[in-house]
Amino acid sequence: MMITVQSISADLARVREKSPLVHNITNFVVMNNTANALLALGASPVMAHAVEEVKDMVNIASALVINMGTLNPQWVDGMLEAGKAATAKSIPVVFDPVGVGATLYRNEVAARILAECKPTFIRGNASEIMALAKENVVTKGVDSSASSDSAIDAAKRLAQETGAVVVISGPEDFITNGQEVLSTQNGSTVMARVTGMGCTATAVLGAFAGVNPNRMEAATHAMAVMGIAGEIAASKSGGPGTLQLHFLDTLYNLDEDNIEEIYKSEA
Amino acid sequence: MMITVQSISADLARVREKSPLVHNITNFVVMNNTANALLALGASPVMAHAVEEVKDMVNIASALVINMGTLNPQWVDGMLEAGKAATAKSIPVVFDPVGVGATLYRNEVAARILAECKPTFIRGNASEIMALAKENVVTKGVDSSASSDSAIDAAKRLAQETGAVVVISGPEDFITNGQEVLSTQNGSTVMARVTGMGCTATAVLGAFAGVNPNRMEAATHAMAVMGIAGEIAASKSGGPGTLQLHFLDTLYNLDEDNIEEIYKSEA
Amino acid sequence: MMITVQSISADLARVREKSPLVHNITNFVVMNNTANALLALGASPVMAHAVEEVKDMVNIASALVINMGTLNPQWVDGMLEAGKAATAKSIPVVFDPVGVGATLYRNEVAARILAECKPTFIRGNASEIMALAKENVVTKGVDSSASSDSAIDAAKRLAQETGAVVVISGPEDFITNGQEVLSTQNGSTVMARVTGMGCTATAVLGAFAGVNPNRMEAATHAMAVMGIAGEIAASKSGGPGTLQLHFLDTLYNLDEDNIEEIYKSEA
């Protein structure tokens, strides 16, 4: 598979043209960020979590994002209901297992989401992917305590077991379907000092999955755009505060020339 | 009715002088934005949604804002309780029917809020106003799929049926009491790429309603201030990220000279 | 006790080195702000509120922050469960009684948290501290209607009764253990026009409490850093919007030279 400046730009153009509706059931901390990132990118976010309506909402969506950052039983009910409905209609489901490994409850909920919703994508940091793959890993809250490349084997196994494309995000991002492993290298260390950048990557993945049925491409393009926009934004910023705003401006203004200039591929 | 640079400025001065307490029962995505916009404007926001306390809270408020962006049954209970208490005490109630038309649940909840709370103001985008007026309209999540002027007849009918002043916001805003229709033309297309700008307009309307009993004036002044501040902010911004911050700075610094320079009236 | 440029800088260095996990059960309005402030400072925030998991989460944390800004019974259950678990394990508990005095429900919940969780720190504005100490005070929503120094006696009594270190924040901040009273004088009036600055102070206090067992020092250092960063940010800002971003950038970049230049002590 070839990920190129042109393939990234083509998917970005598709997001802007089709403005896919991305249904998010996500956490309280990052809702504003992820809605803004989707809007800046050209997608159309909607947030709805009640069991009373998630089925209706996901039925008009191009992708569903399930993020378990601030769990409770009512929200989990909504996640499961929406996830099952999406999978039944072949709407892509992107799962972000925030903080899995930190508490028993998170482990149980994550296992139920995997089993009942059968997500098409899973994105987490290295600790979360290893915890989800039942590796022995010490998790510290929601931040990763392991390096991205140490989680590649766990990610491949998780992809094989679940059928999902699995993304490990970090200084370098890895994307795998259980056989092939792609990677993207853009970004900035300051991004780790802004809350919800990982959750935003998950939401952006939802937008790309909503316009490109090739899952490895959709996931890799999404991670490339996150890293490129973050790197450009960091170069204009004085710290994690201003980075957030320049990140949204950059997503809005991103074009093939910017991508060409800054995209780092492994080749 | 004459809306002028002077009438807008006079209401803005009143908001800053009286700092009306605006009680918001609103959605998780925009709470931070709307609180910040009210503070920047000079008003005093409070967020409280539990049935255990909304009656106490609304009784000390100058206006109540009900926004159904991220519904669930417990929140609806709080909205209905607060709305009924506010109306019983003649405290203005501003209703934002976010995403009505997208799911059956939203339609049912919106209908209950109209019937039980009898809001004094309703603000939505064209799709939402048409859905609320039971026009045949296709809604796509929370973004409008219709133009503002196509919803004017629906807005007038909705105003006549409910007794509310109805506001359609969009590139051009329309404000109607069922007979008269006023409009404001300021703004920027980039505002549609920032989440919660519509919800912020609803909250700002709450602040103006808290200081001016003339409802057509309060609503039109609020929409004018939103559009003027958004247009000034956009002229200083590189995209939807920086726009948000300049928008708050502009609300904070807005004076009669700025308004004079940029206000577009139809006359 | 001597609070100096050096003692502040030393605690700041400790936060950055140890990156204490701060478990927040806080309100919907400010979650994003407080997470970002903790990350910019160098701490590691986690948000979790469900009774199903708060005990597990607080057991791996260095401090617990309980903020009752947007209450409901399920959240209160989580707060009480987490607070009791933290106190049982001698993990510092910082309590922010947002809006106490505004409704009966808030008064009851605040009383339960004091009685059952036995917080080690209480931070509020003057009205909230006076309401908590059962002084006769008129509260207007969540903003203070009293001056900070008028609440010093109430704060001392509250500290004596509860055993907590009590912080009154405002244009001048006061910190007391019931005997000694320290103060910090940095800041900017524009900070009061940004939502969640008080809640952010509470979260930042959690980070300092997580690295310094001397409670008067931890609290005073936290308030000094808030005031210093806010004052530097205000000097670079055009209003409350840009202030927020510069505030985060400043927390991230703050060093002993900045502190030296701007720190105002009473001596």
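Per-chain numbering from 1; labels A, B and C assigned in written order.
Everything below uses one rule, namely that a contact is a pair of C-beta atoms (placed from the backbone, for glycine too) under 8 Å apart; a residue touches a chain by one contact, two chains touch by 3 or more.
In this text, all values refer to a predicted model and were calculated from it rather than measured experimentally.
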Looking at which chains touch which, would you call it a line, ring, star, complete or other?
-> complete
Go ahead and align subunit B to its copy subunit C using Cα positions, then give the rotation in degrees, nearest 5.
-> 120
Hey, how far is the Cα centre of subunit A from the one of subunit C, in Å?
-> 32
Residues of subunit C touching at least two other chains | 28, 32, 244-245
Along subunit B, where are the residues that touch subunit A in the complex?
-> 27-30, 32-33, 69-73, 99, 102-106, 140-143, 190, 192-196, 237-242, 244-245
In the complex formed with subunit C, which residues of subunit B make contact?
-> 21, 23, 28, 31-32, 35-36, 39-40, 44-50, 52-53, 56-57, 60-61, 74, 244-253
